[in-house]
Amino acid sequence: MPINYYIFLSVALFSIGIIGVLTRRNAIIIFMCIELMLNAVNLLLVAFSKMHHLKAFATDVATKVGTEAQLFVFFIMVVAAAEVTVGLAIIVMMYRNIHSVDINFLNRLKH
Amino acid sequence: MNAIIISALLGVLMMYMGFVTKKTRNYTMVAVIGLLALLASIWLDYVGFPFFQIDTKGMLGFNSFGLTFDLVVVASCLIYFLLSGAEIETFGKSSSDFYALIFFILTGMFIISGMKSLLILFIGIEIVSIPLYILAGSEKSNLKSNEAALKYFLLGSFSTGLMLMGIAFIYGDSGTFYLEGINIGFGALSSMMAIGLVLILAAMSFKVSAAPFHFWTPDVYDGTPTVFTSFMATIVKSAGFFAFFKLFENAFGSFHKHWELLISFIAVLTLLIGNITAVFQQSLKRLLSYSSIAQAGFMILGVYALNIYAKQGLILYFAVYSMATIGIFAVLAKFKDHSIEAFNGFAKRHPMVSAAMLICILSLAGIPLTGGFFAKYYMLLAVIKYAKVVWLAIVAVLCAAISVYYYFRVIQAMYFKDAETYEEVEFSKGFKYMMIINAVLLILLGIHPDWLFSLVSN
Amino acid sequence: MNKFVFLIPLLPLIGFLINGLGRNFLSRTAVILIGCGALIASFVLSLLLFKEVSAPGFTTQIINLFDFINAGGLDIKFAFQVDQLSVLFLLIITGIGSLIHIYSSAYMHEETIPHYARYFAYLNLFVFSMLLLVLGANFVVMFIGWEGVGLCSYLLIGYWFKNKDYNNAAKKAFVMNRIGDLGFLLAIFWMLSQYGTISYAELFPKVGTASPYVITCITMLLFVGAMGKSAQIPLYTWLPDAMAGPTPVSALIHAATMVTAGIYMIARSNAMFTLAPHTQNVIAIIGIATALLSATIALKQNDIKKVLAYSTVSQLGLMFMALGVGAYTAGVFHVMTHAFFKALLFLCAGSVIHAMHHEQDIRKMGGLRIKLPLTHITFLIGCIAISGIPPFAGFFSKDEILTAALEKSPVYYVLGVLVSLMTAFYMFRLYFLTFAGSFRGTHEQEHHVHESPAAMTWPLVILAVCSIIGGWVGIPSVFVADAHLLGKFLAPVVASQEMEKPAVHLSHEMELGLMAMVLGLIILVVFIASKMFRKSEITENTETGLSGFLANKWYVDELYDVIIVKPLNALSSFFSRIIDNRIIDGFVNGVGKAVQFSGRQLRLLQSGQVGSYILIMVISIILFFIFQLYWKF
Amino acid sequence: MAMSMVEILFWFLTSLSIFSALMVVFSKNPVHSVLWLIMVFFSISGHYILLNAQFLAIVNMIVYAGAIMVLFLFVIMLMNLNTENEQSKSKWLQLAAALSGGSMMLILVAALKGNVAKATAMFTQDSGIGLIKNLGNVLFTDYVVPFEISSVLFLSAMVGAVILGKKEAA
Amino acid sequence: MFAAFDNFPALLIWLPLLGGILSFTIGKEGKARMISLISSFLSLGVVVASYFLSNSNYLELNAVSYVWMPQIGAGFGFVLDGLTRLLCLLTAIAFPIVFLVTAKDQYKRSHAFFGLMLLTQTGLMGVFMATDALVFYFFWELALIPVYFLSSIWGGEKRIRATFKFFIYTFVGSLLLLIGILYVYMNTSDQSFSIVSFYNNTKLTSGEQHWLFLLFFVAFAIKMPVFPFHTWQPEAYEQAPTPVTMILSGVMVKMGLFGLIRWLLPIFPLAMKDYQQGLIIMITVGMIYASLVAIYQDNIKRLIAYSSIAHIGLMAVGILALKNVSMQGAVLQMFNHGINIIALWIAAELVERQTGITKISALGGIAQRAPKLAMFLVLSAMANIALPLTNGFVGEFMIFNGLYQYSPWITAVAGISIILSAVYTLNMIKNVFYGETVAATASFTDISRLHVWVFIGITIIIFVLGVYPTPVLNVIHQTADIILNRFN
């Protein structure tokens, strides 16, 4: 499979994530869509990792090129986990106060 | 490296302070002492005595620019603690946790200051951002604070997504996360690189609240408890700019020509929106958030120019802008009413504090003899040096003139107007002296900025 | 003697300073002593100087006092020039000035001491300025005096400053003078740039080096200056209004001295004017036109001072005509004789007004010859003199002018004669209305009418004597050959104008014949006037038709009001209200408002909705993509 | 042209992930969204395996699909959001959102169509960098500093969760 | 920074600065007043001493220089050459006059008032003496800020708005100036802000010079102000407290003219040549315009403000004509105008203080009640409209003379302003001082002995310079020579 397919796939997922963020009003769904975007990135990074690895592999079979991207994905997951913790805590806190997670109710602060 | 480890340890220490003592005053004391230690350790690092020698595989590296930045950050933070410590203490027992979070944020900044890889940048930015979401929502029963936290969180994660996508594309194009690696071998801008660049630019613009990615700023700053707004709007923003600058200098410097127009557009937009929208604000807190956008517009000029003047100027700008804004916020935090009218006749009631605040405002407005002048001066110099076209500089100064309009509204309220009813605000002696010291420092930086920026060598 | 020339102007200046600064401390006598004393001392010095100058072998003396302006290639010295012309004017100024000072000491007696002192101070300052004007060795010093006399004229016209009309008159005088001054100033600059010098001694010898065009322009500009100061068309309207000042002031400033400054200036720079025939024509035409216009106006005026004022304008017109036809000596001669008789007439008028308690309307006078015998006699002498009846002074000077005019063009002559006739008519109308017939004022006034004190009458007598014999220094060659003392005296400073083609070459017989004819006409006119006005009754009915037109001074003031004053005010109000407040300031404020407005609008973008924030971010990123990827630059 | 097994798998996973992603966005019920998202994660893990990144595939399943999504589910249940009561945004806003998301994709695709790397075949054999042995090795040698640093992140997240989670003292 | 107190420029900066800080901190009204008086008189003494004890050689521009920021080529350089000397003298004279005139006035928080006044003086002195562009800019702003506070705190009814407009307007100008300075600095071969480098070591193309010229000019034009940048002025003058107005119109507007001479013409000679005609025409039109507007004004302060616009325009034209005579004349006139207009303001202030009115049509007859005041007013008004033998005449004569060499037509048009100035000045005198007294002026009392002495001092200056300007001209001619040499 050419790398472009992966690029297009992850771009598509990314865009779907953005559309989700834009169209939904539920904070949790929005957050999920953001996670979707992150996963698109992860997929792309892994694909690129493979691509660069294969390029290097052609000349050097012991090459480690590509490792860094996979580790980056690992770190993204780590960070995402931390983010989810905090994010959900915030959403829950919000819910406690206004009993809703609709972002359209976030309108006390404007202008 | 000193700074990262020590501040992380300090963070952990502060986490456990809550178990050691219940006296909130002590938290501040420990934090301040910790900061002093941090300052000393960074200074030692700067003069060439690092405590730790860790092989980071070239992912972290400290130069005079980064270390000077660290110094500025710690110094500003020191002032912040001294001025606003009392406000943090009002959070009671958990205030030690907030100190911990702030130390973690500082760690993130030090990581950013040494970053040489996109991975480190990403981790650093997240370390800074995640505690900030919490700080924004720290006033749990306050709906505004909730709202600020959620807005900040959602928008922040979104921008993180954008940044990561950008990083992915840049990796796809260059095959490395090292900034130097990205920088070499790219004469022409491939489409992948261009996309990555735009996405990262957008994400970084978001972090430094540059238009059109600034929308979170006023709302979040407004909703966040004032004492943390102060931290967010100053020290954190400096870190954002540092990352912005360092990233674009080290990773994208070689194809500067390809993105200068885009960033100049962002700069102009930021300047215009920040300044013009600020004109109509009635709340000082909100005004300061817009002003922070406006100041960001000036700092972007430094990113636009990417030369030694920009480097030196940004350091100066960070210091001066942080000190001035922290000073104003520290006073504002004592008020319940955040409208400008609340300051009517303030000068008569508290001449010392208002004089110090006046200096801060003048500095923000960039009036000579205050550090703010030289900060702006350096940005202008950098732009003129880089571009040889001055339209950007002219736009910037016209916006600076607009900024005078709203900054001086505060001065007018303090000095020229009288209030019939006013909120009684108490200032401790220490606070007053600290404000004065802060103001004096601002003036000193306005006379001899070279003391600071000469720390940055090329 | 040269070393003391500076004292001549300095003494009045000192008088001014002492009287001006000490007005609250000095006694009335001290004021008089200082004020008059300074002038008399100056006069004595002038006499001494005259003696020196009139001695044979005298050459022009230049006394450099100090460098006034010496910068950037501009070298202007504060210097005096002593020659025949300046000495002549010195004598007129200090002589008549002294008399008027003495006269004033009695005339102004009603004023309180500070104001009395102020009056003398102004008068002294005036004399100082006038002396600077005539003594100056270059145009700048002349200009200093020139504007100085303007200032004093302003101050003295507005001397009774409580009265708004007087202030307006004063302002009008100053502003009109300034218009002329601008012309003068431009001429000075032009001369400076053309010749590099404005000192007479250096300038006049090289006048010819410039092109005729330049000379014409410079002389025209100088003449504009003269117009303002000497009240010629179109800048004459201030002079009748200037009668608001105390009468001695009118006599000194607005009859005898200041208004003749223009004549002095042109006579002084005759070397230049001689080379500018076009200017000369203009001067002659404007001169005669002014003379005619104001003479007609004078016919119908009822204010004793106004008649004299228009008469002055008319006489000045005649002088300018003389200058215009190249008869500089005649012009200066007429300045001198006019100074005598017009000062005399004004002082007499002052005496009348004094006696009548500030009544100036001749319709309310009449029959004063019995009550004021001395004034009556001297006034009559003045009238005869001004009407040009020999052997009184006016005859000689006027005759000389007319003769010169005839040589240039018969038109000038005829018009000049006409002016003379009208002069005789309105002067005798004035005389008869004032002194003949019976008293027409109130009984109370009649009761109080009395002859003026000696300090007022003695100057009258002296001036009357001068008015009689003053003309004898210029006896035309028709009567006695080679008897024109003044002509001989002034010869060194007045370039003889070469007549290219005299229009009419006069034989002595013809000259005598014309003289006799004119004289006959004048006597006829006087006779008519006596018939008409000797027993006139008060006519209150308003004048209509031509006489109304004349009584209203040809409506010139109204005309100026419509074409200059009103448009200027309208323009200034337009500039102030519309352009300045609305447009320029409106723009400045508009920028501020625009910023505020856009601030108000832009903040609506900050809707508080996370969704719209993200939408804007995404759209911006899309735009950035398009820009970065597809924008070819 | 016959497709290899791997290719069939690729296209299956691709269509599954895109479909599931769309379902995440368009499901009315939040719980369904979560479930669809888990589906996306599984298909992406499948892609990882295809790309010989086994470690990440496993981590993705355990951490993301397992831990994180459960957390989401948990929260949704806690809040009793298990209904389709979410009001949708205005039609115009949704249209604008879809349009901008779509054009974002279009632009990216258009820009990347002529990419140089297209010729690279992705499924050839490699040295197995995606295996846990290799990655672990690198993570604890070269990447130990970032690894340690991320502990700070977790510490702050922990502190934050505590701060936000605990009841207000006063 | 300042190594020693052994030289005049340093003294002139330090004296008012220390005086200002001292009176700020001392907090007591009487003492603050005393300090400001002493300090201002000391400054005057120093300037006068510098006239006799040092030479005015322009070539020693860097005579006094302290290292400041060597990395960026900025140093605290000051000089007292002829031009500067005259303007410093003006500053040094103006402040004692103002302090004396207001000696009996009460100001709330007067220590701050005097402190700010002295800071303004520091700023002015610095502007005039600076030989380093950055220092120049610094002091340029330093002179502005205290004035902003002075006017906003102690000013009239609409003070905040008017002063704010004034501040922002001039601030925009100075920011543009800053850009210009930075650009020139970038193009100096030795990366220095020193004026010597600006003069001699810059390589600017003609195109660059053109727009740089405009940047500089706008800043100076706003400060002067010339038409059409003037609309801040009438309002600011009207609303500022009179002591401040005196400084503003007497000294501060000279900053713009000074800037033209020292910081504009010599640096951009090529652009100057090209813009000369347009600018001169614009300013000349502005002079007539301002004079006409002045005629319409019914407020003493606004009238004087507009008259000032016209007069300043004349000086600007004199400078821009690039003729030696007119440049010297303009410099001389800067001094003269400062003195004269301060005298006018004193008169206006004294009228306002007693009657509380500045509306011309509501006043009248003051001369009857206050002959001394009337006398001095007429005197200074006459000097202001350049009557011979007053100082105004010499300056205007020289300006017109030089302008004439440039263009007779423009001279003629500019000359109209002489006539118009007579019109509005005399109108003012007529309506305020002459005529019958009105209700507001019925109980007017004459001026105090102190004011008489101040006026006498001013009068002496007016006449000495009007009759014998040579000593002053000797001081300034070298400046004009050197600047104009750059155009040959």
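We just call them A, B, C, D and E in the order they show up, numbering each chain from 1.
As a working rule, a residue touches a chain if its C-beta (ideal position, glycine included) is under 8 Å from a C-beta of that chain, and two chains touch if they have at least 3 such contacts.
Bear in mind the structure is a predicted one, so any value in this text is a computation, not a measurement.
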item	value
Partner chains that subunit C and subunit E have in common	B
Any chain in contact with subunit A as well as subunit D	B, C
Chain pair bearing the highest count of C-beta contacts	A-D
Farthest chain relative to subunit C (centres taken as mean CA coordinates)	D
Central chain of the complex, centres being mean CA coordinates	E
Inter-centroid spacing, subunit B versus subunit A (mean Cα positions, whole Å)	27
Distance from the mean Cα position of subunit E to that of subunit B, given in whole angstrom	42
Geometric centre distance via CA averages, subunit C-subunit A, whole Å	97
Averaged-CA centre spacing for the pair subunit E and subunit A, given as whole angstrom	65
Residues of subunit A engaged with two or more neighbouring chains	3, 7, 14, 17-18, 21-22, 25, 30-31, 51, 55, 65, 68, 71, 75, 79, 82-83, 86, 89-91, 93, 103-104, 106, 108-111
Per-residue multi-chain contacts in subunit C, two or more chains	592, 603, 606, 608, 610-611, 614-615, 618, 621, 625, 629
Junction residues of subunit D, two or more chains touched	89, 93, 96-97, 100-101, 104, 108, 111-112, 115, 117, 143, 146, 150, 153, 156-157, 160, 164
Touching chain combinations (by label order)	A-B, A-C, A-D, B-C, B-D, B-E, C-D, C-E
Subunit E to subunit C touching residues, read off their complex	165, 168-169, 228, 230-232, 289, 292-297, 323-329, 365, 367-368, 371, 382, 387-389, 393-394, 397-398, 400-402, 404-405, 408, 411-412, 415-416, 418-419, 422-423, 426-427, 430, 433-436, 467-470, 473, 477, 480
Residue numbers on subunit A that touch subunit D, as the complex places them	1-9, 11-20, 22-26, 28-29, 31-33, 35-36, 39, 42-43, 46-47, 49-51, 53-55, 57, 61-68, 70-71, 73-75, 77-86, 88-93, 95, 101-102, 104
Interface residues, subunit B side, partner subunit A - complex	118-119, 122-123, 126, 130, 133-134, 137, 140-141, 143-144, 146-151, 153-154, 157-158, 160-161, 164-165, 167-169, 171-172, 175-177, 218-220, 222-223, 286
Of subunit C, residues touching subunit A in the complex	603-604, 606-611, 614-615, 618
Subunit D-touching residues of subunit C, taken from the complex the two chains share	611-612, 615, 618-619, 621-622, 625-626, 629
